[in-house]
Amino acid sequence: MTGMIVELEVNQMEQRILLTACPDSKGLIAQITNICYKHQLNISRNTEYVDPVSGQFYMRTELDGFFNETTLLADLDRALPAGSSRSLLRRQAKRVVILVTKEAHCLGDILIKVYDGSLSLDIAAVVGNHPQLATLAERFAIPYHYVSHQGLSRKAHEQALLQTIQPYQPEYLILAKFMRILTPAFVAEFPNRIINIHHSFLPAFIGARPYQQAFERGVKIIGATAHFVNNQLDEGPIIQQKVLPVDHSYSAEDMERAGRDVEKAALSEALQFVTEDRVFVHGNKTVIL
Amino acid sequence: MTGMIVELEVNQMEQRILLTACPDSKGLIAQITNICYKHQLNISRNTEYVDPVSGQFYMRTELDGFFNETTLLADLDRALPAGSSRSLLRRQAKRVVILVTKEAHCLGDILIKVYDGSLSLDIAAVVGNHPQLATLAERFAIPYHYVSHQGLSRKAHEQALLQTIQPYQPEYLILAKFMRILTPAFVAEFPNRIINIHHSFLPAFIGARPYQQAFERGVKIIGATAHFVNNQLDEGPIIQQKVLPVDHSYSAEDMERAGRDVEKAALSEALQFVTEDRVFVHGNKTVIL
Amino acid sequence: MTGMIVELEVNQMEQRILLTACPDSKGLIAQITNICYKHQLNISRNTEYVDPVSGQFYMRTELDGFFNETTLLADLDRALPAGSSRSLLRRQAKRVVILVTKEAHCLGDILIKVYDGSLSLDIAAVVGNHPQLATLAERFAIPYHYVSHQGLSRKAHEQALLQTIQPYQPEYLILAKFMRILTPAFVAEFPNRIINIHHSFLPAFIGARPYQQAFERGVKIIGATAHFVNNQLDEGPIIQQKVLPVDHSYSAEDMERAGRDVEKAALSEALQFVTEDRVFVHGNKTVIL
Amino acid sequence: MTGMIVELEVNQMEQRILLTACPDSKGLIAQITNICYKHQLNISRNTEYVDPVSGQFYMRTELDGFFNETTLLADLDRALPAGSSRSLLRRQAKRVVILVTKEAHCLGDILIKVYDGSLSLDIAAVVGNHPQLATLAERFAIPYHYVSHQGLSRKAHEQALLQTIQPYQPEYLILAKFMRILTPAFVAEFPNRIINIHHSFLPAFIGARPYQQAFERGVKIIGATAHFVNNQLDEGPIIQQKVLPVDHSYSAEDMERAGRDVEKAALSEALQFVTEDRVFVHGNKTVIL
């Protein structure tokens, strides 16, 4: 009887997400969905994409039923070609650490969305290189660490950041208007796991002071870009972009103020995709299924 | 040898689209994609949707390979549950007749898009209850039929329209700002095959003079709705909607002028979906895969 | 010396906004701007609108200089025709009371925007007919009053609300997802001073459960409407509307979740217009200058 | 009596637009609107802008009444500071020559909009460096000149273009997907009078093959930019920009196809501003009143 109870606990009715990435070949969808069928799993949603240039196949499958994870993954591994990756994910809040500088709007938007259940994140901590946002984080009962860069070399500051972050073991770092450029050494600690919001419509206005650049160019639309961070400044895979019309009457400061809403929207939609396990990184691009 | 050549001619490498609609059951995707695999067909794109309320399953599968249509459909029919429908479509221009009144913008947009290859339609004829657009149609070498409603009962006018249209055997009728209400008897001749553009963001401003209604209400956004026509005025399944911000300075006429661009955009996007065989009618809604 | 100091205090360099509304006549702009010029005031921005149907003239003038308010208004009153109204406003945060029920997203967005200086409001209090949002308000050090409607007649509940609100003497009431219908008697206490966010693209889906209505109709775009409240349900002058594309895969609950972002955007943009003194009420419409 | 009749003929009731650009000074709006008032002209719409950096003042005034152009301009010239420019424009179709290469969508959109009265242009001729679009222009009874660049130096080709264009004395040249880079010498013939549509969201993807660049960068939004042409490639004052969301499934060709709609929308909105005399060029920017 006890064994049976354990069995029920282990194998209760669940919803999970199967992510598959592998070289394309004929019959892949049939093979994978057949294995799910043999495991008596129901597919409630299935989306796939084959990149026509590289022939890489991506599939996201929402499954519900009783999972025997070990045998399911073993069956998949037998069926899938060499060079495949697959994962079977539980729907649970992603554990994150948020890095900030002084601006409150992105952090505030995330806090409110987590507060009201719109965004499924487990915010372990907020880390800032300035003290301003401590109060805001603490109002939501989230630990705030002030790790100043003053008087530190870039390397020493990043070491201090790492020592602060690592005990929390975050799945993702969110740069919610963190106004420091990260070195390749730091980025390498979190490959494709750092999400940044850049306050321009990339690749326009790479680098510093994009609103000033946009103002000087006289653009009629401004934007924001949420992307994974890699070694090149503002060059990582783009997850989401949002834009906003402006006109001649906007100063650089007006653009900055108006831009806050698209910054938080782009970041929050990117985080939504990530929390729903919909984002594959494909070279310097994302595939969102 | 000759037989073999004929065989090759019949069964040359092709791209086709398989549309499936049936009650959902576990393993459906596996069964259908397995049959495709056994026929050595490659799936280049697969999208599906299960309506959670009704449990109806819809799938659109882009296939390429050598098709043996008869055995493929027979295999599918054996596998699919009762109440299923499936079709295996060639990628070819849909044959349409366009109905118009006096306004040129929607007809003009379709003509230019067909002219430059953006829209895959075979426009068999344009039929108008006024003579104004004859010149425009004829400039693109498309027959124009002027079927006036003057002095005719609604029934007699619709009879005249039917007699003009039916010889062309269109797959779809496009109402490109055709300003007449069609009776259920007429609509029944083309079930889910009449596409209308309504100049409001339905269900706001049903009926006559929607821009005047929008002006009087003081809305800040106007819109247009492309939908299939059924027996209820402005009540058929919506295919696409587009909107446009306006402000207090817009008169009803200004809204009408500005609205032309969203009308033609909504209609043209709806037609794009239809030409790509992406639209399923599900009750009074559309599922677009 | 003392007198001079007083003089400097009264007449220091300031920015103010002159709002004028009156029947149109030839030379109005010249007359008003002349008076400003004679007062040595600089016009940094001037926008005006004449309603062509009613012939009503509206003008908003941003002035900077040294203001002698009494003589300036007297000069204007001599120049303007009968039936005119004018006001000379200081740029200062509007005092508001926010009414809520259970949903946090609109309140949270306003709190964050006031916190980071994006929105110039002085939030005197938050009043809820449920207790859920007390914590959120209090985290931002704003008094929360729980005024339950349980066991009270509508009239008695509104009396209780009024008694709670009036001591704060708010310029505006903000209904940030306050899910109670207000009676004409209550609304009459705050004419054109109650701002509501309605969770549909009015006039579509007036009344209860608009997302359910939108889901059942199968629309491809959902929206939200910020408007002044008058006696008719969902019928007051519209200030701002925002929309969001949806598709067949959205349940009513998905629409509700996605709709939160357009609700808060529409409300926050409407509040921005109000805080900048840009909104004139013209019959059942708004003119936004 | 005859003189009086002539006077009435000359000075009949008209609508005109007064454009003023000059260094800002206190009382400018009052002075200009006073002069209009003394001329018994009614202002139906007035918009102005002062650039805070340069202190340049721009005003657009819609006037109706009986115009004595000579004395009105003389009065204005006396009042305006040194370095002013002013013009009093009739509302009439702008005379243009359209330059094209092979793509039909922008030319087609303009032709349809002029045909149905949406766009007030007098298209004198279409000039192409390829023959493909001759038929389309001729269907709308507009002369088409095929001026091939084959076998010609850039200078010789531009000479041939100029000889073709100049007899038409166009106010503006419209580059409706004209895929040749123009030299400074050619551009100098039409200062701020050449309007180009560039198929990217400038300043992203300057130069050749922007859709290929956008595809390689993996952007989630593509765009188009209508701008005046100056000596720097893709660097002139931006008039309008429009964007369109895309996703990972778009090839460069898909982006190009989808981009057609934003290209024609950006160009057509820019042309609308120009035809309504709403565009001031301010350095490398536009002020649109």
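Letters A, B, C and D name the chains as they come in the text, with residue numbers starting at 1 for each one.
In this text, a contact is a pair of C-beta atoms (placed from the backbone, for glycine too) under 8 Å apart; a residue touches a chain by one contact, two chains touch by 3 or more.
Treat the numbers as computed from the prediction; the structure is a model and nothing was measured.
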| item | value |
| --- | --- |
| Proportion of interface numbers common to subunit B and subunit C (over half same, under half different) | same |
| Per Cα centroids, the chain farthest from subunit A | D |
| Centre distance in Å when subunit A and subunit C are each reduced to the mean of their C-alpha atoms | 36 |
| Mean-CA-position distance for subunit C and subunit B (Å) | 43 |
| Overlap residues in subunit A, where contacts from two or more other chains coincide | 49 |
| Contact footprint of subunit D on subunit B as seen in their complex | 103-105, 108-109, 111-113, 115-116, 118, 136, 139-140, 257, 260-261, 265, 268 |
| Residues of subunit D touching subunit A in the complex | 49, 51-52, 201-205, 217-221, 223, 237-243, 247-249, 251, 282, 284-288 |
| Subunit B residues within the subunit A interface of the complex | 26-27, 29-31, 33-34, 36-37, 40-50 |
